[in-house]
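Both of the next two complexes hold chain A, though its partner changes from chain B to chain C.
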Partner chain A sequence: MAVNIVKDSYKSKVVEITVGTEANAIKIGGDSTLPFLHFEGEMPNKQVLCLEVFDMVPEGWPENLTAAYEGVMSDPVAWAKKCVEYGADMVALRLMSAHPDNSDTSPEDAAKTAKAVADAISVPMIVVGCGVEEKDAKVLEAVAEALAGKTCILGNATNENFKSITGACMVYGHSVVSQSPLDINLAKQMNILMTEMGLPNERIVMDPLSGAVGYGIEYAYSIMERARLGALMGDKMLGNPVIAYVGQETWKAKESKASVEEFPEWGEQAKRSILWEVVTACTLAQAGAAIFVLRHPESLKQLRVHFAKMMESNAY
Partner chain B sequence: MQKFNISFLPDKKKVFITEEVNLLQAAAEAGILVKGSCGGDGTCGRCKVIIKEGNYTTKQTGKLTKEQLAGGYVLACQTTAESDLVVEVPEASRLSEHQVLLEEETVGEAVSQTSVDPLFKKIKVELPEPSLTDSMDDIERLKMAVRKETGIENLRVSLNTVSNIPGILRKEKWKVTVSLADVLGYTEIAAVESGWDYQKYYGLAIDIGTTTIVVNLVDLESGQTIAQKGSYNQQAVYGDDIISRIVHATEEKNGMEDLRNAVLKSLNELISQLASENHIDINVINYAVCAGNTTMVHLFLGIDPKYIRLEPYTPAINIPEPIRAEEVGLQICKTAWVYCIPGIASYVGGDITSGAQVIGIDKTEKVTLFIDVGTNGEMVLGNQDWLMACACSAGPAFEGGGIKCGMRAMRGAIERLDVISDTLDVEYSTVGGAKPVGVCGSGLIDCIAGMHKAGIIDRTGQFSSNLTNQRIRNGDDGPEYVIVSKENSGNGQDIALSEVDIKNLIRSKGAVFAGIRTMLRKMDLPIEIIEEIIIAGGFGRHISIKDAISIGLLPDAEFEKYKYIGNSSVKGAKMVLLSKTARDEAVQLATKMTYLELSIGNDFMDEYVSALFIPHTDMTLFPSLSE
Partner chain C sequence: MGLTGLDIFKQLPKTNCKDCGQATCLAFAMQIAAGKAGLDGCPHVSSAAKEALEAASAPPVALVKIGTGEKEIQLGNETVLFRHDKRFEHPTAITISVNDTEDVAAKVQAVNKLVFDRVGMLFSVNMVAVINASGDAAKFADAVKTAQENTEFPLALCTEDAAAMGAALEVAGSKKPLIYAATAANYEAMAELAKKYECPLAVKGADINELADLSEKVSALGCKQLILDSGAREVNKMLADQTQIRRLAINKRFRPFGYPTIAIVTSEDPVQAVLDASVYISKYAGVVVLSTADPAEILPLITLRLNIYTDPQKPIAVESKLYAVGEPGPDAPVFVTTNFSLTYFCVQGDVEAARIPAYILPVDSDGTSVLTAWAAGKLTPDSITELIKKSGIEDKVNHKKLILPGGVAVLSGKLAEISGWEVLVGPYDSGGIPSFLKQRWV
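== the complex of A and B ==
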């Protein structure tokens, strides 16, 4: 008996965002189907795999992670170059030193670092603040100006500080990460407020905040899924590509850090930690995430293979 | 234990209290009603009094300004005496007595189109004289005559009535007037009088609201309301909302008695005023029907309310039986019955059943939404085929609670308001045309709508940072918008709405809209399905539907679909008082309604968050606003 392939037809698609300049520009999003259902619609762009760079030496990273960046961790420019060598599509610079509890770097100095990194690499950049909303507003304003013309993604804009960040990105031509705490409605509200300020919808990346596998990923999963379904059904305010800070979440997990001596039943830490990052990313890709900010180059390598396979057409 | 004399100014009332009684309780004992919105927690800052003389201890809670502290102000609920005291209670800290809007139109209005068949009535009967061939006993003879006259089968007589019956029957040659009281399931011969001349008799229709109480005095023969009166529910000194009152009732020593006495006092005062002003004796008031939310009914009848607020939220009783007035403590004819209209669940009570019945929601084909835009935010959705009810706990914001310049719709309240977009000036009108002293619910709605339209606030209620205007400034609670400056207000104070107030109002409006959406979701129906929207409650008579829609409080439906019904709770109580059929229908209605528990599942929370936006996160729900 012949089986009829059931195909849904959607009236809308995920917004397509362009970052970077000219030859180095990449496109993100644009999907007109659920993730990897190539028989129903299009997934015109690849998943974007980024590696993270800190503007200060990060603390508490396990050895198998620091080993990958041996010798470059105190120099963000060199570190970023290393990331490009490892094959990152984009470099995600985290301006952690701007945190008042760290060295409280001034917005101007933070912007200088960002500029130096951007000038040294050929791939587009994501620049993320230190997480203190007030400080980030100032830091990202300065960064936006310093990186004028480079068409980056800056974030994270929250309910508290989105006005200044959005304003600066509008002027200097960057896209913005709009971050909201695991709630589809709040995500939508942020997007409405930002577009009402005049920021084009094609310049917003959503971060609904995700946890790692085992640490609340199911919430993020269902929220990303709802956003994707909303986008396909024509909800313009949910139709933005989703960014997932995978590395940041997974390398916090005990499973990524604890040694085999501590938990013999868990097996080798070096293997386990990579798997934690890879599985989290794969899971979120199934939910519809488009940009993955990773930490370990080995994870990036494995995901590259996996996604290439997933992007092969499965049309009937 | 030491005892002290406290005298209150300017009332010159004195009480003698022990050292552990705080001044809020002392004032209540002296019969002075001090605002105690938080129930004495020290968090609302409304119970300010001034100590004129004497020593005291007080806890600072940061609710008083430097000037106030210097002026001898303390929070009554945080202060106890260490010597005799002289305490002044300023006007602003008092519960004012005249804050209840009565609806004049119900006075004199004959309620029912059908004939009046009240729960208490008097009938004239003539008994066949006994003889040697008819030696039936007096009571059976009486019952037979009543049965013949009325067709009522199930009659009962109390010993009290039986005791003098032989003389009464024979005095006017077997002509008697019989009082019949309906007691759910049987009819009581409540009294028998000789002859056919009888006094008029009355009943009461009562609405026991969390905030206000309204009593209608009804002539049970004609069905006319002779007079009505309303006042504050004196329980307010133990908290603004039902939760803080339940807490007081269950956790304080004598708490239950405090609350029961407070509501009885409020009621008995109104009843005695109604009686004396209309020159009737309280003993000719023979039946009372009360409508109140579940907590109010529990507290009124002295029933433990503890588990109403604890999961899984079970009241002691939803369908109370009639109880003797004497037992309840209501000062009317001792043998009168008091009947409370049945409720549905912990947070949807008899007041809602009552209102739903008045609008006839169970008799119409039209899908009808019935909302009480009050603190508890009860709503009913449905028609003759199905009925659903929920309570969205909107909070007291639209009744003026928790909003700095908020007040009820009384004299001096700004009830309509326009924000002029370019100058950010305000045009307004007040209740009674008086100088403004605050803003009531309808004014608050206008205000948010206007502020959003003028760009003062964004869709989340946040003040725009790039507007400079002398009306926008930084206050104690962050940015605020001055509606009326102190030079032009009626109380010498600025009337301003802060960001905190606005967020509060947005939460309230969000809860109401989310309640509506959650009920629709359960039935898998779109919002357009609603054919009629009936708004009840003391929400101000002049709420602008247009503005309410523009902030997302009410569904975006054509204005013709909207109706305002006022205090439907007391109207329903009157209906039941005057009709046995209506009483039976009320019981059925209450049993038929499905209660939707909003705390289960994610639906309500999800809807709530999406409604915390002006007008809503999903703009397609408000098509008329996108033009």
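== the complex of A and C ==
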């Protein structure tokens, strides 16, 4: 019996954005189907796998993670090059030192670091602030200018600070991460506000927030899935590629850090922590995420293999 | 499912006698349609009507049971494609396979240990699949016997040789194992066995089309407890087949696909195997079969399953009351947190790790995390003070100092003022509690 395959057809698709310069441009998004359902639509672009670099030595990382970056963690340029060596499609630089509780690095100095990193690597960049919204507004303005012409992604623009970040990115040609706290209406609202300022929709990446497996992933999953459905149904303000800060979420989970001595029934920590990161990324990809900011190079390697399989046709 | 209030109303006695507790038959019909009442609420409904309604209201994905007793597995009854529409009903049965050529007892004992405590509940794998890798019927029956003696989990018996299956069922048939699998070559004999032992039967097609055929044939032979295997093994193809089966069952009411599915992981790299299984758990698999019994590989899958199958409307919460960790004395520290079970058990675990007996007060935040509760105005100086008063903590300790989560340090001034307690701001992450106590609690 030949089964009548159900192919849903959609009015619209995910916005396609381009980052990087002519030499290293990457296209992201553009999907006209739910994730990996090649039998009914197109997924023209690959998932983007990024590794994260800090501009200061991060605290609380387990040994198996710091081991991957031994000798480079106090030098963001060297660290970023290491990430490219590991095969990262993009480097995500996190300007954590700008946080007032850290060294309160000035916007000018932060921008210098960003520029030094960008000049040293061959792949496009994401630059993320320290998370303090007021400070990030200033830091990212300076970064936007310093990286003019490099067509990066800068974030995170929130309800509190999106105006200055969006403005600067418009002027200097970058895309912006529009971040909202796990609420589809707020995500849409942010995109509306940013496009109303005149930022083209092809320059917005959405971060509706992620959670790790075991730590709220179900919320992130459903918001992303709903946003994807909305985008396919024609809601342009939900149609932007989704970024997932996977490493940030998974490497703070107890399951990634606790030793086998503490929890003998959980198995080996090094293996468990990688699995926590890849399972989180793979699951969010099923919900529609397109850009994955990871921490461990082994996770990147494994996800590369996984996504290559998922991107093969499954047409009937 | 699928019936409107009016469809149901047509079958009711229409006397408006109110014995069902509703004002009219129509009101009662609407209650049923909304899933708020069952047909058995009306004592006067005719048996003909009952039958008509039950057949029409059969769930789009049949409820299928594997095994007996406490560890019986229930699958199916799913009604949606997306968990945000309505929760997924029956979590994927995570199944670990063992070949009849390996040390069955040892492997099964390793599987028995795959039990994890999370949010105060125990979660485990669900089934052991014994595979006739040897091709030898006697060896297979032996392995099934050993597996059965060593575990309480239900079994899946995996062989396409009907004679070997018959021998294995003589050993294990009374415990309702899953028979895997009926194929185009053996389905008549397998269906016979499934009926004889009243066991659920997996049907395996070479592809989705043959699967539909076989499902219909086996069902015509009287087997209604089926599990579907489309034959796909590559993860991308499997995703497509799982999606088609679910869509056809729910949106098209295509009967041959109205059963739970089984997904078999074949990737040899252990990380890739876990990723394949993650896709299947997210996307509709009723049963997923892996060969690993390594807890580091199974824990993320069990956790993911818990997340995907939680009710999106209802976070898991603990009761808001005074909890003691260990046997706290009058000078024991007092911690404030929220009653989201994930939050509470993070804190409880870390307090335990500090090895200092203590009290924990989880404020009723409708099961939301510390920051979510704070942002939603549910973790406030008032709600904390109220819990202090009502919990009786003031009679248990000889001090008035409480430890607040670092994330809500902003509450401390007002809280101290209202409650009259001294407020110590703890670390942001409960993982810092042991070192915090060492430094700050003397």
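As a convention for this text, the second predicted complex is superposed on the first by the 316 of 316 C-alpha atoms of A that agree within 3 Å, B and C clash if a C-alpha of one lies under 4 Å from a C-alpha of the other, contacts with A are read in each partner's own complex, and residues count from 1 in each chain.
In the analysis below, a residue touches a chain if its C-beta (ideal position, glycine included) is under 8 Å from a C-beta of that chain, and two chains touch if they have at least 3 such contacts.
Predicted model, so just to flag it, every value in this text is computed and none were measured.
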item: Fit-or-clash call for chain B and chain C when the two complexes are aligned on chain A; value: fit
item: Chain B versus chain C as contact partner of A:Lys271, first or second or both or neither; value: second
item: Touched partner set for A:Gln302, first chain B, second chain C, both or neither; value: second
item: Touched partner set for A:Asn185, first chain B, second chain C, both or neither; value: first
item: Chain A: partner with more touched residues, chain B or chain C; value: C
item: Partner chain(s) touched by A:Leu193 [first = chain B, second = chain C, both, neither]; value: first
item: Chain C, chain A and chain B - angle at the middle CA centre, rounded to the nearest 10 degrees; value: 70
item: First (chain B), second (chain C), both or neither touched by A:Glu255; value: second
item: Touching partner for A:Ala23 - first (chain B), second (chain C), both, neither; value: neither
item: After fitting on chain A: smallest Cα gap, chain B-chain C, Å; value: 6
item: Chain A-facing residues of chain C, complex; value: 82-84, 113, 115-116, 118, 208-209, 212-213, 216, 234-237, 239-240, 243-244, 247-248, 251-252, 254, 256-257, 269, 271-272, 274-275, 278-279, 282-283, 294-297, 299-301, 303-304, 306-308, 310, 312, 342, 346, 349, 353, 369, 375, 429, 431
item: Contacting residues of chain A [partner chain B, same complex]; value: 159, 163, 183-186, 188-189, 192-193, 196, 237
item: Sites on chain B touched by chain A in the complex; value: 458-460, 465, 606, 609-610, 612-613, 617-619
item: Partner chain C, residues of chain A touching it in the complex; value: 1-6, 36-39, 181, 213-218, 221-222, 225-226, 229, 252, 254-255, 257, 262, 265-269, 271-272, 274-276, 278-279, 282-283, 286-287, 302-303, 305-306, 309-314, 316
